[in-house]
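The data blocks that follow each hold one structure.
What follows is a pair of complexes built around chain A, which joins chain B in one and chain C in the other.
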Partner chain A sequence: MDNRRLNATTLVLYGFVGLWSLVVLIPIVFMFMTSMKTRNSMFMRPLDLPESLNFQAFERAWGVGIGQFMVNSVLVTFLSVALIVVISGLAAYALTRMQGGWSKLTYLLIVAGFAIPMQAVLVPLFQIISGAGMLNSRLALVLPYAAYGIPFTVILFYAFFLDFPRELEEAARLDGCTRFQTFMRIILPLSGPAIASAAIFQSVFIWNEFILALLILTQPDLKTLPVGILELQGEFTADWPAVMAGLSLATLPLLLVFVLAQKYFVRSLAGLGK
Partner chain B sequence: MTARSEQTTVSSGTLTYAAMLAPALILMSVFVFVPVVLVLYGSLFQFSLTDRQWDFAGFGNYARAFSDPIFWVALRNNLIIVIGSIVLQVGFGTILAAMLDRGITVGGTLMRTIIFAPMVISSVAVGLIWLIILDPNVGPMNVLVSAIGIAPPRLGWLGDPAFSIWVVLGVAAWQYTGFMMVLILAGLQAVPKELYQAAALDGATGLRAFRYITLPAIRNILIVAVLITTVGGFKVFDLIFVMTKGGPANATQVLGTYIYLQAFTLGNSGYANAISAVLLVIAVALGWLQLRTSRKA
Partner chain C sequence: MGSVSIANVSKSYGSFEAIKNIVLQIEPGEFVVMVGPSGCGKSTLLRTIAGLETVNAGTISVGGEDVTHREPAERGVAMVFQNYALYPHMTVTGNMGFGLKMAKQAQAAINGAVSQAARILHIEDHLHKQPKALSGGQKQRVAIGRAITREPKVFLFDEPLSNLDAALRTKMRVELGRLHNQLGATMIYVTHDQTEAMTMADRIVIMNDGEVEQVGSPLDLYNRPVNRFVAGFLGSPKMNFIDALATDVDEKTVRVSLSDTFSFDVARNGTAPSPDDSITIGIRPEAFGEGDVGFELDVRIVENLGRETLVYGTPVGFASSESDAEQGDIVIHFPRQREVRTGERISVRFSANAIHIFDAGGITRHFANTCS
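And then the complex of A and B:
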């Protein structure tokens, strides 16, 4: 009796989680499937499997410049994340080692930045960037992305540095390292887990950031993926296989990285709950 | 001698620390704090981005917002997304997480990976994929729905003003429920297993254990999840911009898309700043709440 009830419960659990997984999976599979179809079979039988592996849609989509968008996204994401890690690391270290009220006040100021969404300051952001003559430049994305990534990363590093063993630092200072050298040679190299966590978290958001990139980048050769793939829609009005092929190309890299390193992704993003 | 050298290290230390803080503070000032001040200042004027001339308008832009029906539609839509997302994303996220934590042994990691995956896809791509799935002429959703005998909406899934915001809400849930699930799952895994064993001895298993042990144990994480979802619901932009552009007839306009429309399409930047100020106030209030809960935790 007890055994049977247990089985029914298990069935419900697996049924529910399995069903949800399917609902999530099907649109993604549909995207990959459609990109291997011909335009005709797409319209006649949208739900059927592709008759054969057909990569022409990928060629058409690649022609829009997906390759260039990807390079741009990699550059912007890498530069922004590197900047965020170094700048936030320096700031958090100073905040944990400074004495007195100023450090607390500065920490609160930086944390307050966490509450400000980019969407709410779009007009002045645009004014500042265009006023500086920086429209259509990668730097005009990298610097604001860094600025908006700093607060959360400082919070994360702050907690990590507070627990950092002071003996190591004192030894380094005795050996004649300045505070800055101590940070670069001792603290940063030993902060691997915190850095990885921050870098993954920020990468996901910056790689997918849309609204600022949409405003700043009008030049096709500078566009990042989220802005670039929007062109697929206009370019191939009725050519769904090409749109889906473009989307597959755009989403595959991060999906692959995610599947391979999902443990780290999950740990990093779940850190937001702390 | 020692006292003096101590003195110099302290001040040189202060200088080093100031230099270490400077890059962060400069970047944040230029791109976060100054823009906030400029939003508030600019909301008092009437101007467009190409104008040199700014006309002082006092609180005119705010008066205009409060009597603008589309502003209220946008705010209402944000609230629909916030409340709907709390129910769908946090609600189902909690259920899925509890099931993965307590009941599922085989295939748990695989299913967790799948459900979380849309989180790493850009909302633009998600919007475009669903735009094709929901296409009224040949989209597979219509084929699917017709196959089980339901008539698909006549104006299309996104074409009916009474319907479209709910479809957007559904797509957002498709993308982000996995994120909430993972967040909550991390909290669940921190609950000591002995608690469940002790409760089982007292006769509390299954749903009763969930009600009396699981929920109280993850109370703080749930609050954080609700706050993150709320902030996200007020910030929503990409999905709507891609799927409906705020249409049909402004029915899916939210604050983010309405700010964009007023500032960069219609050239009413002062007005856009006033709407931005409303969004800012909401965001700062939520941020303050979040800080308070994390302090308590």
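And then the complex of A and C:
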């Protein structure tokens, strides 16, 4: 009896997960399929399999400079994530170890910062960047992205550091470590899961970020992938296979990161660093 | 080797005084065990010696040098934690050599110190392993090894064996004793375990409520407790306490009345109570047997341990004064097997010389004569 009910629940759960996976996967499969088709077949039989493995759309997409966009995206994402992880790590550690009310207040302010959507401050942000003469520079993306990613990452690290075993730090102090050395030699090496989760979360967001990049970057050789692909649509009004090929190329790096870090990522979400 | 002087040390957390004006002198090479009920401040005192907690008042000296305001690593002490606190991302070698590495010692010196410590602790076969691949006993050895490599003047242990099973604990207890002899270092050891305290200590420090109740050799504390707390804390099962009256006091004797009809004379050896003072008498469970005073006991529980027998029962005519003793039970220890059944009434004897007398404030007024 109990067993049967368990089976029924499992079945329903699997059904739900399966359905959800389909919802997520179908557009991706459609994107890859379309990118292999010709313009004709794409419109005539949009749901059929491609007739052959045809990589011409990829060549056309690469032709507009997907390579350069990708380099830009990698640079911006990498720099922002590095900045976010370093600053959030140090800040969260200090906040968890500081005594007294000021650290609590600071933490609350940082959490409050997390509640402000980027769209709400887009206009003043643009004015600030423009006023600083930083339009069309990578730094003008990296700094806002970092500022936007830090609150969430601080919250993530804060929870992790609160649970970090006190004795390990005390043992390090007895072994002659300063606070900073304790952080670098003991805490950081053991924070892999927390860092991995933070890095993946932020990478996905920054890699896909569109609106700020669209506003800041007008110079073609600086554009990131989401903005660059838009260009592709303008130049080849009817070339959907090329657009799809460009999107496929844009998706690949993240997909790769996910597959590589998947085990780490899932585990760290389950126990947040345990 | 180093002495430790703790002079008038106090430590508060907010308004809560965790340790209060503690004075303690520990000689070089001594093995001192600190015991006391949970929350009495043992760990706090140990951590102030280590430098992990700052003190509110008083000074701490190690090896004659005032270290009150020094960093933990500069005090010449090493600490072993209850839950090992090994660095999970380093091998055993890395763990044991970390302190020396931080002190910028040459790699050859580090290797030498690590392999010597590993030899002493019999963990040479595990040097390349990570802590998670070790058993509890091995982890604790590594933790001790990490302390040894730094050649501290003073070792601090905070309940180092309490995560191990009973058999391993016994084994490690003996090994720690051997280690103490071999290194000749000063060791301060916190424990909950009476056996550890009694067997390992040169001197025991009994703490209660942030204060030191008594310091002395294990037998000294067991035989001549200065107050009721110490008398009740050492010994398992604990001493029986019975409320009484001192009805008659003269030059040589005190008359102790447990009830209107039950009284006996005790030859005095301490500061006598005044006549008609309420007092408490203490009798250790093993002090029953032969003697000049007798009473009846209704047996309630019998614990046959093979080598010895514990009998819990309600005495006829008086009762235990312990609030947690059910139905006024007292406990009697027979050092052999004995045929007793629950519900039976047995007669029990004890010697009037085998009791302690405490006054209403809990201070000892008379010590039992144990060497009879």
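Rule of thumb we're sticking to: the second predicted complex is superposed on the first by the 225 of 274 C-alpha atoms of A that agree within 3 Å, B and C clash if a C-alpha of one lies under 4 Å from a C-alpha of the other, contacts with A are read in each partner's own complex, and residues count from 1 in each chain.
Convention: a residue touches a chain if its C-beta (ideal position, glycine included) is under 8 Å from a C-beta of that chain, and two chains touch if they have at least 3 such contacts.
Keep in mind it's a predicted model, so treat the numbers as computed, not measured.
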Which superposed partner A:23 touches (first chain B, second chain C, both, neither): first
Dominant contact partner of chain A by residue count, chain C or chain B: B
Which of chain B and chain C A:190 touches, first, second, both or neither: second
Which superposed partner A:181 touches (first chain B, second chain C, both, neither): second
Partner chain(s) touched by A:168 [first = chain B, second = chain C, both, neither]: second
First, second, both or neither for A:101, with chain B first and chain C second: neither
Chain B versus chain C as contact partner of A:230, first or second or both or neither: first
Which of chain B and chain C A:133 touches, first, second, both or neither: neither
Footprint overlap on chain A, comparing chain B with chain C: none
Chain C partner contacts - residues on chain A that touch it in the complex: 165, 167-168, 170-177, 181, 186, 189-190
Contact footprint of chain A on chain B as seen in their complex: 13-14, 16-21, 23-25, 27-28, 30-36, 38-39, 42, 49, 92, 95-96, 99-100, 103-104, 110-125, 128-133, 138-140, 143-144, 174, 177-179, 182-187, 206, 221, 224-225, 228, 231, 234-235, 237-238, 241-242, 255-256, 259-260, 263-264, 269, 272-273, 276-277, 279-280, 283-284, 286-288, 290-291, 294, 297
Residues of chain C touching chain A in the complex: 50-52, 71-73, 77-79, 81, 83, 85-89, 98-99, 102-103, 146, 150
Of all residues in chain A, those that touch chain B in their complex: 9-10, 13-14, 16-18, 20-21, 23-25, 27-28, 30-31, 34, 42-43, 46-47, 87-88, 90-91, 93-95, 97-98, 106, 109-117, 119-128, 130, 143-144, 146-148, 150-151, 154, 178-180, 183, 204, 207-208, 210-211, 214-215, 225-227, 229-230, 232-233, 240, 243-244, 247, 250-251, 254-255, 257-259, 262, 265-267, 269-270, 272-274
